[in-house]
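To keep things simple, chains are lettered A, B, C and D as they appear, and every chain counts its residues starting from 1.
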């Protein structure tokens, strides 16, 4: 059989993406793979197993005749939330499982990788499966981002503050004032267009009517946020949503996540370890409540996701997921896929806010200006930032 | 001084609205005024006191020289959520307060009413205070609706199922099929227009772009919802949001609120007591999760609030607050008022869904097709229903 | 039929005890009968109904032919914890029930009282039922004490601090030093003896071996406890059990219940309203953790219940339930009664501490030096105090 | 210096005990050292570090001049509950710490072991320090038992049910009927006597008066407990304490911990993996509520700790910690040690029950018939069993 160049591409892409997950984990100790300090954080070995389970469950088992499941119990261990696929370890218990060991999980990956590569080159492949493989790879890339955010949480909440690895410096955003870019009111279009991969929640390119708006050409910096903190940002309820204010009081919140006031100086935990706060770097690790309170204090607001998308070609994304003022809801005409992959996005479209852009943890090739990321308003362990609008 | 007819109107309106709150409570036993079976329900005497406190705190104290507060402790007891106005009884404790007694609360009302009538006819009145008085009256009307929903909850969750009073029959929606009304895509306008009263969250009439849509000419009936229940509505996760499914399982939900399956028959608690379910009546007391699951099961969806508003002149409202698919967010250009009344709406604009229309509990004269009601997705003690769209 | 003097006695005693419950509630507003500010406190109308239900359920229904239950639903409403007797309103929901109304509960009492008086004079009475009637009356007396403690909690936690009634002054214990009374080691006897009524948990008079001990001739005063507070009593963990220390920190405990530091002065809520703290009165409303920490700070300890009982004829009881160092466990040979009344005491013999004596809220004729009261170590809404031993 | 034979003994004992902890952990994977599936279970690496920290903190730092602490942060990580010694990781967070790594903890052990061996042979040793060393070794032996119970929990709650190691069979108790041994009433003595090591809570040998009693010559077997289960043991509330019954319902308890009903057969997880239930083995892993309900069902009771101790020379201990009917309270004349070690026992003397005997997990040489073990009534992850009395 003469090799099909398109298949070679898929095999190569598959191998590359899969290798990258392993590379992210290379600096870890075995112990780091196991723990789950909060429910939102999953143990790294769980991410490695779950992304593998995705290919086994949705590609190999239904499509590759004679495929033998690596271990029938792994379905129970590595299913995340697919009700269609049966019972699963409850989310809060992921950090209670010492087995399968990290070595077992890597064996699982190697087994499934080899089978996948065989399968991708077999006659059982077809274009609808290819779409599913692409979904699997994008799914793995999402977990690559989560791997980094979760590793940062695990190490950054350890009293010894171990570094992840050197070479994770952030670029400065700059110290000057931000500029506001203006857009006139009118009908615009948003949503995915083109021919590459996108998630179902980006589909349905459609018209929206926007009022006049202005949007900042850069993200808010640590220095600017420090001004807010100094001006009673966390003690004046008037800037906050009622829920946000409850969150401040219950958590005695006084600063972004990972910031520590030590000996009169602001430090923050970075992937290189504890460092002195860089005032010119883009602010990171704030939740929607904080983003919104900061904007209110500034006399501005967060952009809607439509404004952000329309304006996105006119500014630089700053390696932060930018909170928008838009709730995560279906686009007009949104349709869930049939079967288990239909559970991918639609069922989360309630009580979450949209973030746009991409972060320093997003894998290369996994960002688009139509990408709709979403999190609950109280969460801040992602690499989240602020861009102002008015 | 010659009586100013406009002032006479305000005095009359004030007296009418205030009297209506008392009338709602007339059928109650004293004990019914006191309890708070769940956090969302407030004791009726609290509503009576709180609406009175609103006039005392925002009108009389700042504007009527020599006004003497009825009891300085009542600010602590009857403040609802205004951080600006100082400490308050925490919400969950409202049902723990046997004092002030119901008689004391009525004395409080009479005192403040008399003072208000004096004030309204005094030279201290002006047009900006009149605006605030109007807000106070609309605020009281909102609490009149809550009084009825809370009374229904208090009596409807008592094992003796006492009736509130006779004469609270609902009209039938009809047994035939619903018809879908079509609207073409294009730019429409929504938001309050005209010169009467509206809340700040309705302001900023603005253009929106809508895709083609169809919307039902009537609400979903009990009979239609029963079909959903019989077709595994509450046991098939595929219809539900992930959060909604968690809600079903945690609460072992199997039917709308107030429905009881007794001796093989569906009964429901109404304000007249326990009755056999009327299949042709508009469905009531379902939350957003249920509304949304029902629509998914039907292969349809809930209308957005813009669609609802645009279409609202073409159908009859059925005495139900209709869940929309829109999150409660600020309209373009939304501005909070200065001072305490700025806490009225804006700070709740997160994690709630918009409801449109009005219910059998809404006071006459308190509804508009631009009115934006909002509740959390899990709540169903309001008179809520469903209108389908696609 | 010639009246039997013994029966006349029982009828009289029944009428007296029943009347006293009503007398305790005479000063209340109707609203005060309804609320349940914490799970341990029951609404007064619940106590009035529950004690009535006891006679209806255990005396009339099984023994009085043709007796008609007042309302079949009341079993659900007024059962406290008897699993034998069927389903019941969960304890935390007692304060959510506005009905039956207070008037209904009084009608229920009158109905059952009349029936009981008929029954007591009927031929259906016998000596084993008489024992049960006596249990019912002692049960009602226990609830008379709870009525007062619960009323104090309800009014004393209202921000208006209403008085219950005048004339509830406490006597002073005196300002001089306490004296220690000595007892030699040896075999003693404890447990109920004699022919009157006692609870099953007092039965089995038996020998115990006590070491030498000394016990104080009076209770600890407010003034003495204030010394403890001033000497870092609530901030030095060394005095406390680990659980007690957790309790202090979680509740930010700084003083006994009902104490308020206002304008530099210690005040406390009494049944007469808010008063200045009387330093010579017996300390009240502390839990076992506090009692034990105070004793540790003094270099002493709490007496065991055996020590207390043996010594009790040599000192005055000071109208406080005195915490002992004894866990509430069965006496040797303890036997549960058959049927529902077997649930009275035995099933609570775990994780509670014994209190001895009686309090200002204990009805006359309801105290014995063999009486074993018991509460969880964290509770302090009872009239509890401290007597030291070493 | 000529070696002091007594010191050589201490050094040898120190080395032996320390080595045994490491031996217990030898069969584990690194991942097994890290997790904490419930709050009561500590990660094995925490036990290894904490026992080491005990020697560093209480022996080396205060007594060995120029001793350098291995890592100043370890005090925060490995302090268990000593308030005297400063802040500490909260207990529920132990399983969230991936660092220090297992290798680091072993380095820590080696460092402290070497220093201890130097210290034990130095002139800084004296007899009061030797007492403390002995406490440290007994403390480590207690943690050796906990290591095994926690490892069993970690592996036994993993869906893969991995074995700990082979060779952990239990001996049979026998299938015949148990015999009851009788004791006459009278004055007995209990408490530690002799010259070896004991804990402070065993001290104060003292007289107690016991009534006639009988006690079983062997522990209850799995087979006997299965009878209880088949006779509605877990569904008939009458056998249970009220708290125990709540525990049954909340946890849907139906069998001892580690029992699984699979394909119609009772299996249980043992340290050798999942096995078929051996009916003749001593029952294990039940809590006080279950022990007490079983005894009630049998028409018997649990022995008091005094009865157990008096009778203990007349029966065989069956490798189970035997629940007694005694609350964990101070013996007459109990005194806490000064300083941090005073926190060892006394502060836990509330709301726990005494267990007597020893288990298959107790290290050799760490058991006495005066030993007072104690746990909360709801816990069952220890190797706990039942001996009946009447």
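Everything that follows uses one rule, which is that contacts are C-beta pairs under 8 Å (C-beta built on N, C-alpha and C of every residue); 3 or more make two chains touch, one makes a residue touch a chain.
All figures in this text were calculated on a predicted structure; none of them were measured in a lab.
Visitor: Do chain C and chain D, two copies of one chain sequence, contact each other through the same residue numbers, with over half in common, or through different ones?
Guide: Mostly same residues: over half of the interface numbers shared.
Visitor: So the centre of each chain is just the mean of its C-alpha atoms; given that, what is the distance between chain A and chain D in Å?
Guide: Centre separation, chain A to chain D: 45 Å.
Visitor: Hey, how far is the Cα centre of chain A from the one of chain B, in Å?
Guide: 37
Visitor: Just how far, in Å, is the C-alpha centre of chain D from the one of chain B?
Guide: 58
Visitor: Give me the residue numbers in chain D that touch at least two other chains, ranges are fine.
Guide: Counting only residues that touch two or more other chains, chain D contributes none.
Visitor: Pairwise, which chains touch?
Guide: A-B, A-D, B-C, C-D
Visitor: If you look only at chain B, which of its residues touch chain A in the complex?
Guide: So the residues of chain B touching chain A come out as 81, 83-84, 185, 187, 206-209, 211, 237-238, 240-245, 288-289, 292, 301, 325-327, 329-330, 332-333, 342, 347-351, 377.
Visitor: Going by the contact rule at the top, pick out the chain A residues touching chain D in the complex.
Guide: Within the complex, chain A contacts chain D at residues 29-37, 45, 73, 76-77, 89, 93, 95-102, 154-155, 157-160, 162.
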